[in-house]
Structure formats: C-alpha cells, structure tokens
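Following this line, the structures themselves.
Consider the two complexes below, in which chain A is the common component and chain B and chain C are the respective partners.
Up next is the complex of A and B:
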C-alpha cells in the first residue's frame, strides 16, 4: 500500500494567528485516517488547505505523487479528492438526485462539448442511483435537498462526494449533530465504501469514541501544531494530548 | 366501454404519476408518456396555426409575448439558473436589435443570429465582474452597463442613428416578405422553439446542474469540481445571447430601433417576469412573459371600455398593479406561477381520490 497523501511542513497564518505550524503527516492508501483536536486547533483549516480552498504559506501537499500547489479546488476534485463540509454545504434548491449527479459528473470522463446529451445523462443516472441506493436515499431522489431532515442532508452530502468516485474523501465532522443510530449507519456506509470502492478516508471528528474505534491512525492537532501522529490506541496515553484537551492537571 | 375507461385512466395516471415510469430513461425524458407526447404535439400544432386563429392585433401581442418569453428565458438561465443578477438585460436586447438593424431583408435571420452572438460577447465581458462580486454589488455593475449602453445607443449616430434610431425594411424568408406579425411569427418560432428546447435540456443536464450548484452554494460547487469562472461566464453569455436574439426579433416586429425601447425600466420588467414566473424554469419564462406583457394590454382594453378620460389614471395604476403583483409573488408564492401550476397539477394528479 502506497502513500496517497502527504503533507510536508505546512504553515499557514491569518494576520498573525498561526493556524498551521509545520504540520506533517501522511495517509496510506485505503486507510481510515482521523484528525482530531480541541476547538480552534486548525482541523478545518487543514482540510481547506488539502482541498485547495486555502493556499498554504509554506510547505506542500502531495497527492498521488503530484504536488498540489497552485491547483484549484476543481482541479483537485478531478484528480479524485472529494470533500464534505462541516456545516451543511449541499445544494439546497436542487433535488437529491441532482446533487448526486453533480458529484457523479466527475466519475465519468470529461466530454468536450457543453451540449446536453441523453446517453451520458443515462449513464450518470444509473451510477447516481447506485450511490443513492447504497446510502438508502432512493426514496428521496426527487425531493429538494434543502427540505430533508438534517441527518439525511448530511447523508446527501456524503453521497454527492462518494458519487465522484474519489480516491481520497475528506470529511469534516460528518457525525456532528447526528443521533447514535445515524452515526452507526454513517460509520457502516463509510467502511463499506472503503471496502467496495477503495476510497481512502480522512475525517475530522469530535466524537472520540467513534474516532478511536473506526480509525486506523490519528493525527492530533492543537493550535496548529501536531501533538500526536499514530495509532488510536496511543492517543489516550499521550500526556501532551491529555494536556491539550483537559488542561494542566 | 370498460376497456375505453381503463385506457383513459391508465393514460391519466401515466401522465401524472411518476411511479408508473418504469426505467430511469423514462424518468429522465420529458413527454415520455403517450399523453405527454400528444399534449406536446397539440401544443406545437397550435403554435403553428396561431396566425390563422387570431386576428391581427392579438397576433401582434402574441408575437410580442413570444419574443418577451425568449428574452425572459435568457434571464431565467442567469438569475434562476446560475443565481447571478443582471439589471442590464434590456441593454443586451438593444445590442442584438442594433446589430440586426444592419443586416435586413433576406439577411434578417443572419442579422438576428449575429445580434445574439455580439450580445453574447458583451455578456462575457459583463460576466467578468461577477467573478469578483456578488449580489447587490453585481447588480450595480450591470446597472452601470445598462446606462453605458443607453448612452452609446443615443450618441453613436453612425451605428445606432442616435435618438431617432433606425428603421428596417421587412425581413424576408425564402423570398417571402415577413411584413405582418402573422408572418413574422414563424421567424420568431424558428428561433424561439430550438432555444426553448435547448434551455430545457440545459437545465436538466450537466451545465444546468453546474449553474444551480453555483446559485445554491458556490464554495461547495468549487470543491465538487465545478469551474466557477466557466459557469458564470457561460451563464452571462447565454443569457445575453437569448436577449440579443430576442432584441433582433423585436426590431423586426417594430421595424425600427430606437434607444427608448431598451431603457432600465425594461430590464426591471424582465426581472419582474422572472420573479412572477418562478425563477429558473422554462415554463416560468413563458408564464412570466405572458403575465407581465399582458397586464398592460388588459388595462389598455379596460381604458378602451371606460373611455379615454381615464387613460392617465389607469396608466399610473398600471405601475401600482405591477408592483403589488411582484410583492404578492415574493411574499406568498416564491416559486411564482410555476409553483401555482405545480400545486394545481398535484391536486389533479391524485384526483378524485386525494388520500
């Protein structure tokens, strides 16, 4: 198993606030990789840097052996880097199906003319339906995405991201605000997606139990610095992590 | 008798109930059912026969509405589709109209197309600020374009004929002079029908989804692989193309072009059509144009019935009614006439057993 994503010495600051300070880590292909840390640790900033919303001041991100510097978010999306957001960033006015189809565009080879073509649309539909079925969203396919309950909207976002057949999926707090049952469902969907479609997963999550149970490796950030990088078993034992979360004893 | 009844109810439910569509392909297509195809066919036939059914003045109004709907379709793509606002739609129509006024007679179709093309180029340029600014700020930028265009229309005498404008000889198609609205109607259909079908397909497929993604959430759209620059510029160019073609057709209908056909108030009128019709749909464009362009006609005929002494009062009331209607739709029916139509259809979909 090769390395799919590598972050080298990432630095980013906003007018004196150091959001990322020399962050280094690597994600192996097929891994379930977690990023955790207290509020304001720079987790979402890290995802923004990885997905191209921010450009780091220093350092580089290597994805599939390619340096991502200067690549726009849509370029990265086409390379197989998908992402979901912390808040709900789905397309509320579009139906669930349209949301997923939009993601599915990336799974099919680009076609040169912007003319609408029925054949391609059917291919998209078939693949989108597969993803919808997989995430148990089929009954809601024609519902406007913004009208669904919160848990389902979160699932629509995951479906949209998965429909692009990403090689690496970045998830920003996918479980926030979900009930226990919904969390379990989502965990199963994610593990199955990894199994079946070979998606590597990198997630930011606050639910420590879920993180420690599901993830292969964990990166702990605090004030933009890496505190811990390794298997989940070691997280609880690490004194620096305990200090960052609980304060000085 | 039983078979006839069963056939009719089956056709009815096939038309109205999605559940009966059995493949994804059928669900994707429009007019996928026999009844739907029949309705579409009847509708197209009706459009073709319209000049034989209406007397000259209603025909003139119908042509005006069709041209308005075409132009409104363009604004729908931009405002309802891609979520960008434009207060310069009339200016694009003006660009198309003045271009068309230079290629007349047998060249008219070419002139109209070229008008659309040149308007699209201006649309691309006006799309550039949309890459940086949004909402109200973008509205101001397009407003500036509207005023600039107005100034150029009034002062570039060599091309626009200044305040007095330009007059056009009637268009010709296959040697036939299109000097009356009844004849011009077919030229309008020639342009409008393909453009409407294109817009319909566009909104249902890849480009349309990219438009709507930008409208709903541009950050997320970027991360989902939508090229913002391309989508916004394409939306502006397409919208301007529709406006330009409509402007060219309007010039053929009026057989003249003057700056006063394309002031700011017309731009606002088109925005009103989008809002009243229900943003972002083909049906909305048609219904909105119908509504907004027919109100003055209805009020005019009221004036005719009441006598000329009320003309001034009613002219003022026209604007009041207009404003009230837009307020009404914004507050009570944000989906516009399309939303109303959807509700009526849903009522009949389950009729006569709603539960």
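Up next is the complex of A and C:
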C-alpha cells in the first residue's frame, strides 16, 4: 500500500503559542488513521493545516505525491481531500438531499459541453441517493437538515463529505455527542465506506476506546508534539502517552 | 375611489424601484453579511452610467448598455473593497462601504459635475387608459422591468444551481470551502448582480426625475424597505418595496394635508411599528440562537 498523505516537520504557532512542533507522520492508502491527544494538543489545528485553512510556518504536507503548500481549501477538496468539522457545518436550511448533492458536485465535475444539464442533474441525484441509502438517510432526504436530531445531522455531514468521493476523508471528532448505538452505526458506516469506495480515513477523536478498537494506526499529540506514532496496541504501553493523556506519571 | 387609483399606481411604480434596490441590498447582505451602505451610490453611479450612454445611444439601448458596466462595477467594488477585508470583522467591511459611499459621492460629482442632468431620449410610450384613470408610461415600465426581474431572481436563488451555491456559502462558508465551491467567484457575482439591480433602479428613476445628487436620498429609503421585508429575505425586500411605495402614496393623498412633511418620515415610522410586532421583519428568518 502506497502512502497517501505525508506530513513533514510541520511547525505552526499563533502569536508565540506553539500549536504544532515538528509534527511528522504518514498515512497509508486505505488506512484508518487516528489522531488523539488531550484538549489543546493541536489536533484540530493539524486538521486545519491538512485541509488548507492554515498554512504551516514550516514543513510541508504531501498528498498523493503533491506538495500542498499554497493550495487553497478548494484546491485540496478538488484533489480528493474531504473533511468534516467539529462543530456541525451542515447547511441547516437545505434539505438532506441538497446537502449531499453539493458534496456530489465535486465527484461529478461539470463539463458543460460534454454533459447536458439534465443528464448531469440526473447523475448527481443518482449518486446522492446511493450515498443516502448507504448511510440510511434516504427516509430523511427532503427534511431540512437543521431539523434532524443531532446524531443524524452528524451523519449528514459525513454523507456530504463521502458524496464527494474523497480519496482521504478527515473527520474531526465524528463520535462526539453521539450515543453508544449511534457511535457503533457511524463506525460501521465508515468501515463500509472504506471497503466499498476505497476511501482512506483520518480521524481526530476523543473516544479512546473507539480509537483503539477501530484504527489501524494512531498518532498521539500533546502540546503540538508527536508523542507516539504506531499501532494502537502500543498506545497504552507508552509511558509518555500515559503521562500526557492521563495527567499523571 | 377613482381619485385614489392614480395614487395607488404611482405608489406601485415607486415601490417597484424600492423593491429593485432593496433586492440588490438584501442579496449582498444575505450572501455575505455585509451591510452595503453604498447601495444608494450604486444607484447614483448606475444613473450616471445610463446618462452617459444615452448621450450617444437611444435610451432603451443606453439602459441596456449600462447593465454590464454596472455588473463590472460591482465586481470591482468586491475586488477592491470587500475581498481585501475578507476574514476580518464584518464591521470593518461595513465601515469600508461607508467610506466607499463618500468617495463615490465625490467622484461622481468630479466626473459629471454637480448640476442636475436629464436623460436624452425617451422610453417608448406604454401609458394607457384604465377606465377613467390614465396609467402613465413610467409606471408601466417600472412594473414591467422590476417584477419579472425580481421574481426571476427569487426563482434563481431558490432553484438554480447558482442559487444553491450562494445559499450554501451564505450559510456555512467554511463548509462551502471544504466542498471545493469557488466562493470568491460566486460572491463577486452577487456584488455584480446587486450593482446591476441598483443601476436599473437608478436608470428608471432618472427617466422620471433626472440625474443628480438627490438620487442618493432615494437610495436611503432602501434601509427601511430592507428592514421591513426582513434583512435576509429577498422576497420580503420586493414585497416591502411595493408596500412602502403604496403607503407613501396614500400618505401623500390623505396625511399630507393634515401633517405636512410626514410622508418623508413615513417609511421609518412604519418600520418602527412593524419591528415592534415582528422584530425580524415581514418575511425575515426568525433567528433562534441555540447555545
């Protein structure tokens, strides 16, 4: 399996506060890769650097063999880098279907000459329906997304991201605020999506149990530094992780 | 009753222009959260553009020719004043529009001089007799242009792909970015459309009352209209435009003899009264903050 994403010596600070300090890791194609760490460890900052919201002060991100420096979030999205957000960022005023179709637009690039409008619209709808069906959202397709219960809204966000057929999907705490059952559902959807569409997953998560159970490899951050990078079995044994994560020596 | 009809028609004719201008204003607010205090100057610039084209083109063609120029002007404003402030506090952008308004006021006078000008040429006569009331050509033109344009724009925002993208950006810009939507280009287009609407309103207004600095005062009324309709409601802007136009006309007929000058204040009084009952305007979205 090839490497899909590589972070090399990432540094970023905000007005003297060091958010990332020499972060290095790589994600293999088809991997379920987790980033964990205590609050303020720089996890979301890392996602923002990967998705192009922030440019790192130093270091580089290589995605599919291309250096991402100077590439806008839109460029990166078009390259196949999708993400979800920690606070929900769905289009609340639109229907579930409209949300997912906006994601699908990326998967079906507009060639105005090659593809008549109606044809494209039909393909968009068909693909969006497939994603909705996959995530068990079909019954809610016409519901305003903002009116759904929280767990379903989270699922809509994941559906919208998956609809863009990303090669790598960045998930920012997808499990937060979900019930145990909803967590299990979401985990299953994500694993299935990887199987079915070959998407690589990088998720930032607080739920340590879910992470250790599901992930292939884990990156542990603390105060912007990498404490651990390896298989989940090693996380609990690592003394540095125990100290940072559990707050004791 | 029959002496009321001319007032109603005049009110609707004015209201159509209020509606057009408010549409341009609300569109920008809705899409970018920027309160464009220079909207009255957009109208002014548009009227002068039309005036200039009318110097060597028949008036209908001049009005048409001014529209792409107006669109371009809108793009320029977005590029020069709005985009550099992107990501800053939205108040900064609003202050910039106030500065822009002052600059445009002065710039227009420098370019075209301070005296009132009249458009050369005329629009084809469309006035007709309705019972024993004459519907003036001006009213027909205003309604003929404003209504389809306003309703068309509403439809565009609701149903078209462009409209969906604008709504997506206005609701969640970060998410739109993450989906690869070309936000900058689409928002620039919104400014272009806004300037285009203001220009059409300015041209129609200029047909009736000439081109001069006084047009800015007409532009001021866009604020009560937009607030009345609900700042974020495009449909509300159109509706409120007509409503205020008619109310002004009625006030001119019935209140002016008793309270001279009241008509000037009327839009603002109406806004105050409506806001007491519906703080989000007639068709505005009720803001629910969830913490």
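By our rule, the second predicted complex is superposed on the first by the 242 of 249 C-alpha atoms of A that agree within 3 Å, B and C clash if a C-alpha of one lies under 4 Å from a C-alpha of the other, contacts with A are read in each partner's own complex, and residues count from 1 in each chain.
Keep in mind that, in the parts below, a residue touches a chain if its C-beta (ideal position, glycine included) is under 8 Å from a C-beta of that chain, and two chains touch if they have at least 3 such contacts.
Here the structure is a predicted model, which is why all the values come from computation and not from measurement.
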Three-chain arrangement built on chain A, chain B and chain C clash or fit: clash
First (chain B), second (chain C), both or neither touched by A:107: neither
Chain B versus chain C as contact partner of A:176, first or second or both or neither: neither
Which of chain B and chain C A:91 touches, first, second, both or neither: both
Which superposed partner A:142 touches (first chain B, second chain C, both, neither): first
First (chain B), second (chain C), both or neither touched by A:83: both
Which superposed partner A:62 touches (first chain B, second chain C, both, neither): neither
More chain A residues in contact - chain B or chain C: B
Touched partner set for A:125, first chain B, second chain C, both or neither: first
Set intersection of chain A contacts, chain C complex versus chain B complex: 51, 53, 72-74, 77-78, 82-83, 85, 89-94, 98, 102-103, 105-106, 160-161, 164
Interface residues, chain B side, partner chain A - complex: 18, 24-25, 27-29, 198, 201-202, 204-210, 212-213, 215-217, 219-228, 234
Of chain A, residues touching chain C in the complex: 51, 53, 72-75, 77-78, 82-83, 85, 89-94, 98, 102-103, 105-106, 160-161, 164
Interfacial residue positions of chain A with respect to chain B in the complex: 51-53, 72-74, 77-78, 82-83, 85, 89-94, 98, 101-103, 105-106, 114, 116-118, 120-122, 125-126, 129, 142, 160-161, 164
Of all residues in chain C, those that touch chain A in their complex: 164-165, 167-168, 171-172, 174-175, 177-183
